[in-house]
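Next up: the structures, one after another.
The two complexes that follow have chain A in common; it is paired with chain B in the first and with chain C in the second.
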Partner chain A sequence: MKKIEAIIQPFKLDEVKEALKGIGIDGMTITEVRGHGRQKGHKEVYRGQEYNVDLLPKVKIEMVIPSNRYEEVLRTVTAAARSGKIGDGKIFVYDVAEAVRIRNDDRGESAL
Partner chain B sequence: MIGESRLSSPQETFLATGDALTALAERTAQVDALVSRAAAETLFPALPSAALLAVGGYGRRQLFPYSDIDLLLLFASERAAVDGKEVISAFLQQLWDSGLRISHSVRTPAECAEVHENNAELNISLLDQRFLTGDRVLYAALAEKLPRFVQSNRETLVRNLARLARERHSKYENTFYHLEPNVKETPGGLRDYQLVCWLAQLRDASGSRIEAPQTSPELEQAFRHMARLRCYLHWQSGRDNNQLSFEAQDSIAEQWDGGDTARWMREYYRHARAIHRAAVRDLDRVEAASSTLLAQFRDWRSRLANADISVHRERAHFRAPQQLETDPTLTLRMFEFTARHGVRPSFEAEQQIGARLPRLRAQFAEIDDLWKLLEPMFGLPHAPVALRAMHETGVLTALFPELSQIECLVIRDFYHRYTVDEHTLVAIRNLWEIGGPFRDLRSEITRPALLLFALLFHDSGKGMAGEGHVSSSVNLAQSAAERIHMPAPDRDVVLFLIRKHLELSAVMQSRDVFDPQTAVDVARQLGTVERLKMLTLLTHADISAVNPTAMSPWRAEHLWQIYMMVYNALTRELETDRIPAPMGPPERVEFLEGFPTRYLRTHTDGEIAEHMVLEGSSRARGAAVEIRRLDSAWQMTLVARDRPGLFAGAAGTLSSFGMNIVKAEAFANRRGVVLDTFTFEDPMRTLDLNPSEPDRLRNLAERVIAGRTDVRALLRNRPKPSPPSRKARILPRVSFNSEASCTATLIEIVAEDRPGLLYELASAISTNGANIEVVLIDTEAHKAIDVFYVTAEGKKVDEVRQQRLAEALRKACGVPAA
Partner chain C sequence: MNLRVFPLLLAPAMLLAQDGAGVNARLSAVEAAAKSAQSAGDNAWMLVSAALVLMMTGPGLALFYGGLVRRKNVLGTMMQSFVLMAVVTVIWAVAGYSLAFGGSGPFIGDFHFALLQNVGAAPNPDYASTIPQQTFMVYQLMFAIITPALISGAFAERMKFSAMLLFTALWSLLVYFPMAHMVWGKGGFLNAFSGGSIPCFDFAGGTVVHITSGVSALVCALYLGKRGGYPSTPMKPHNMTLSFIGACLLWVGWFGFNAGSALAASPLATSAFVATHFGAAAAALTWMVAEWIHVGKPSVLGGISGAVAGLVAITPASGFVKPFPALLIGACAGVLCYFMVVKAKHAFGYDDSLDAFGVHGCGGTLGALLTGVFATSLVNDGLKDAAGRVQPLGAVDGHFGQIWNQAIGCAISWVLAIVGTLVILKICDLLVGVRVSKEEELQGLDLSQHGEEGYILEA
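Right, the complex of A and B next:
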C-alpha cells in the first residue's frame, strides 16, 4: 500500500477530485493548509502598505491506495492539478505498513 | 426474571393513538411495579429502613422508552448506606439484568437538602421526586426538609439552573432553527420546557410544599408535540436517540403528515419557538432579578425611555399600546428603539404586536416611502437584534411577505446547519460582528442598510421551485424594493449584490487568485471598489452563517487576498481605462469624454447631471464647488479647468478649515476639465454647528482654486496639533513604483499626519512638473498613508525627476535635507 500526499492549488481541488472519482478512487482526506515551495510567496501593496503574502493557501489531499495503482493515481493527480505555473504543488509518496478498518477489524488492502 | 420485553404495551398504545403522555405514564407505572417488586425481593429484606424515590423524568411520570431510570436510594445515615453496599449492588444488578437502564444515587435526607454547586442537576432532579416504596417515616423527613430548603436557597438554585441552561443554549448557538435538531437538548426542546416548569416551581415554592407547575395551553401543546417526537425516535431507533435526523424527519412525515416533510418541520419549529420564547423570557426575568449590578445597569437603561417607549427590566414596553391600532409606525419605532439601544421588546409588547399582525400587514402596505423609515433603522448599531425580534414577532414577513417562503425552511445539504431564515439572520449578525481586517472594511461602508437589505434577501429565492435560487432571490428583492420605494440607484446596488452573492466563493473555489487575470476579470464584473467591499463583506457573512466553523482562518485569509488583488486591479484601472465613446446628448458626450470608466459606474445619472450643472457654473466663475452632508462625513465636489496646483489648493483649503480628508478622487476629461471629489470628516463639527460655514468654505475653495486667495496664508493661521509621544512617531517613507500601473508612476507616502500635509505633498508634486492622475488617501490615527498616481508630460516619471520628487516629498514630510 502507498500513501499519497498531494499539495495542490485550492482552485484545482474539484478537478482533482473528479479525476480521481473517474478512476474509482473515492476515499481521501482533505485539509486546508498554507505553505510555499519555490513559489516563495510575494508582496502585495494594499492602500500604500505592503502585505507579505509569504505562506500561500494550498489544499492537501491524502489517500492510501493499493501499491499496484499508485502510478495511475500519480498520473491522474498530476494531470488534473497542473496549470503549468509555479505554485502548482507537489506530490509525496510513502510506503504504508498496515491499514485497519476500525468497524470490523479488516486488515491490509481490504481495509482501504 | 423480569424482562424488558414485557414492557411492550406502551409502544402499542403509542402506535395506536399517537398519545405520548399516556404511553409514558403507562411505562412509568410498569417500571414502578418492576422496581418495587425487585426492592421487595432483594433490597428490603436486608435493609428495611431504606426508601426508594423516583426522580427526574421518572419522578414526573414521563419516562421515555429508552431514557435512564433515575432512582434515589434514601438512607437515614451514610453509615447505613455503606453497610448496605452489597445488598444495593445485588438490587441494582437485578434491575440491570431485567433490561432496565438504571441511573442511581444513594443519599441521606440531609444530603438532599444541601446545595451541590458542582452537581446542580441533583438539586433540580429532586423537584420532581416521588416516593416509590420503602420506609415512609424516612421519606417524611425528606418531604418536610425539601420545601424549606428550596425556599431558603431559591436564589442559588435558580442561578445554577440558569447557568446550566445558558451553557446548553450556547452549545447550540442559541438557536432552535437547527436542520437536524435534538428534541431534548436543542433550544426549544423538552429540556427547555422542563426549565420553564422548574423555574415556576422554584418561584412558587412555599416553605411547606413544592407545587406542580402550571403552564400555558400553547406550551402544553408544544410539549405534547415534542414528547410524541421523542417517543417515536426512541422506539424507531431502539435506543436513547433524540436527534431528529433527515431520515427520521422523512419517516415521521410519511407516517404522520402524508410525506410533506417541509410542512411538518415548520410545525416542529413553531412549537420549538413557543417553548424557546417562554424559556428565554423566564431566564431573562430570573437573571435580571438576581443581579445587583445588572439592576444598576437596568436603572441606567430605563433612562433611554422616550415618548413612545419605556424600559423596564431590560425590556422595552409601549407606553400606549392602544395607539398600535391606528399608527403602524409605532411598531416600527419599537424596533428602531431596539436597533438603536439593543433593548428588545418586552414579552407583553411582542404579544401586543402579534395580536395585530393581520392588520399590520395591510397597514404596512399602505405606507408610502417605507424605505425612508427602514433605512435609518437598518444602519443602527443593534440592527441585527431588531431584525431577529421582528422575525420572531412576525413583523418581518408582514413587512416583506416575500420572505415567508423561507420561514423555517429546511434545505438539506452537508454543510448548512440552520434553516434558511435563521441562516439569513445569523449572516446579518455576523456582518455586524465581523473581525480582522474585514472590520475596517465594514466601517468604510457608508450605506450599511443596503448591505443588510441584500443579505435579508440573498437566499429568499430558496423557497421557490426551480433550479438555482439566485434569480428568484433577485426577483423577490426587486418586488420588495419597488414596493417600499427604494430609490433606483440603491435598488441597483442591492440587486447587484444578490445577483453576485456567490461570485467570490466561486472565485475562491475555481480560480487561481494569484493570476493577475483573475483579479482583472473580477474587477471588470464588480466595477467599483465600493461594490467590491460590499460583496466581500456579504460573502464573509454568508459563509460564516453556514455553520460555526465554515469560515476557517484559511478561508478568511483567502477571501482577503482576493479582496486585495481585486482592489488593486480596480484602483489601477482608474487611470488607464477611459470612456471611449459616451452616449447621450452632445453636451453630455463632451463632458464625459476622457473621464475614467469608473466615473460612469460610481455616479448616477442624477449626479452626472449635477456635475454638468457645476461645470456650467465653473465656466463663468473659473471654478464651481459644492459641499454636501453624507451620512457620517462631508463631501466637496469641485469642477474647474485644470491648472497646476489645483488639487493642492483644494486640499489646503479643507485643511485650513480643520477638516480631515479621508478619501479623494481626481479625474480630468479630454477638454482639461477637472472633477475632484473629497470626502472629509469634520472633527470639531464646525459645519454642523454653524449653518453659514459650509457656504463660507465653498466660497473660499472657489477663490483658492481661481488663484484669488493664497492657501499658504490660510494654513499659517491653523493651530499646530500637539505632536504624538516619541514612541508613537511615524518615520516618513516615500517610495516609487513604475511597475504597478501601465501609464503612471505610483508614489506611496507614509508619514505622520498633520494639518496641511496633503496640501504640501500635492504642491511638491505639482511644482516639480508632475501631474496628479489619481489620489488614494487613508488616515490611521496620526499616520497618513497617501498614494498618488502621477505622470510627467503624459508619461511615467523618469529616474531623474523621481529623485527630485523624492527629495521634495521628504521635505514636505518634515525630513531634513540630506
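Right, the complex of A and C next:
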C-alpha cells in the first residue's frame, strides 16, 4: 500500500477529484493548508500598509491506494493538478505498513 | 401631499355653506387638520431617520471596524460600538439631552429636561415645531451614540473595556454635550441660527460629531501608544467582507443622519439627501483613483474608506450646498483623507489603528471649512435678519467672512476635543488604567475582556 500526499492549488481540487473518480479512486482526505515551496508570495496593501504574504493557501489531498495502482494515480493527479505555472504544488509518496477498517476489522488492501 | 391639500381646497366651499361661529369652528378644524397632516409626515420621516442613524452604529460601524481588526479582537471591537447604544442612551435620558438642548446658555444646556421632564408629544418650537419633542430627543440621541463610537477606531485592539466605558461616558458629558449645545442648542455660542456670537454652519455634525470624535481619536492614539508589534507585525484586516457590509450600511444610514437633520420631510431634506449621496460617490472615486495611481491597484478597502470620508466631509455642508459643490467637497475629501491615512500617519508614526482621525478628524475639518465656501441661501434660506430678509451664507453668496467663522468653529472643536480627551484619559488612567496588559493584548480583547471568541470553528 502507498500513501499519496498531494499538495495542490485550491482551485484545482475539483478537477483532481473528478479525474480520480474517473479511474475508480474514491477515498481521500482533504485539508486546507498554507505553505510555499519555490513560489514567491504576493504583496497586499491595506490603507498604504504593505504586507508580503508568503504562506499561500493550498489544499492537501491524502489517500492510501494499492501499491499496483500508484503510478496510475500519480499520473492522474499530476495531469489534473497541473496549470504549468510555479505554485502548482508537490506530491509525496510513502509506504504504508497497515490499514484497518474500523467498522469490521478488515485489514490491508481490503480495508482501503 | 394630497392629505394636506384636500381640506384646504374644501375650505371656501365650507365658508359659503356656513355662517358666523360655525365658520370659525370649521376654519380652526381645517387648520388643525392641516397641521396634524404635516406633523404626521414629518414625524414619520424623523422616526425613520432616527432608526437609520442608530443603524450606522450597530451594525454599520461595528461591522466596518470589526472587519478591520485582527480576528482575536473582532467581538471586543464590535462591543465598543454596541455598548454605547446602551450606555449613552441612559446618560441621555438622565441628563444628556438636557445638557445639549435644555436652556439657552452659550456653552452648555441646563437641567430643564433632566430625566426627560417636559419632553413629550408636544413639539419644542425652538428646534422642530412640527414633530413631538420626544422624536427630536430620540433622533439627537442617535448622534450622541455614534460620535463616541467613532473614536474607538483609534484605540482599537488595546483599550480596557472598563476604561472605555468610563472614557466614553465622561467624554459625552465633557465634550459632546457642550459642543452639541454650542453649535445646535438655543443661544449656542456657535449657533448661526440662534444668535450665536460666532455664526457657524454645521448642518449635521462636521464640528459636533466628526471633528470632536476624530481629534479625540488622535489624542487617544497618542496617549495609549502603539499596539504591541506595530508596525513591524502584520495587522491585516481579518475580514474585509464584514467591513464592506458595514461601510455600505453607513452610507445608507447617513441619509438619516444628514437628510434627517432638516428635522422635517421637507425639500431641504431632499437637498441634503442628494448632497450626501453625491459627496460619498465622488470621494469613493477619488480615493480609489489616488490609490490606483499611487500603489498600482484600486482596493475595495480604498473604495469604501473613500465613501466614508466623503460622507464625513459632506455632513456639515449637506443642508447648505448644491449638488455639484457636494461632488467637489467629496472629491477633495477622498484625496485629502487618502493622503492623511496613507502618508501622514506613517510619517508621524502614530497608531490610529482604524484611521478615525485620518477620516473623521481630517474629513470633518475639510468639510466644515468648505461649508463656508459653498453654503448658499439658494439651498437654505433659514438665516434671516431682523426684518426677515434672507441672508447670504458662504463665499459663493459673496459672504467670504463665513470661511473665517467656520475656521473658528473648527478651532474651538479641536481645542475642546484635545483638552477634554486628555483630561478624561488621565482620570480613567488613574481610576482603572486605560490599556490592557501585554498578555491580554496578545490574547486579544475577545478572550481577555469578554471571555468569548468571534469564530468558533470546531463548534
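Heads up, the rule we're going with is that the second predicted complex is superposed on the first by the 109 of 112 C-alpha atoms of A that agree within 3 Å, B and C clash if a C-alpha of one lies under 4 Å from a C-alpha of the other, contacts with A are read in each partner's own complex, and residues count from 1 in each chain.
Operating definition for what follows: a contact is a pair of C-beta atoms (placed from the backbone, for glycine too) under 8 Å apart; a residue touches a chain by one contact, two chains touch by 3 or more.
Remember, it's a predicted structure, so these values are computed and weren't measured experimentally.
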Which of chain B and chain C A:11 touches, first, second, both or neither: first
Which of chain B and chain C A:110 touches, first, second, both or neither: neither
Which superposed partner A:57 touches (first chain B, second chain C, both, neither): first
Chain B versus chain C as contact partner of A:68, first or second or both or neither: neither
Of chain C and chain B, partner touching more chain A residues: B
Touching partner for A:83 - first (chain B), second (chain C), both, neither: first
First, second, both or neither for A:34, with chain B first and chain C second: first
Common interface residues of chain A - those touching chain B in one complex and chain C in the other: 44-49, 51
Contacting residues of chain A [partner chain C, same complex]: 44-49, 51
Chain C residues touching chain A - in the complex, by the definition given at the top: 231, 234-237, 291, 295, 297, 299, 301-302, 305, 341-343, 345-346, 355
Chain B contact footprint on chain A (complex, rising order): 9-11, 13-14, 32-34, 42, 44-49, 51, 53, 56-57, 83, 85, 87
Contacting residues of chain B [partner chain A, same complex]: 508-515, 552, 554-555, 557-558, 561, 564-565, 567-568, 737, 740, 748-750, 776, 778, 785-787
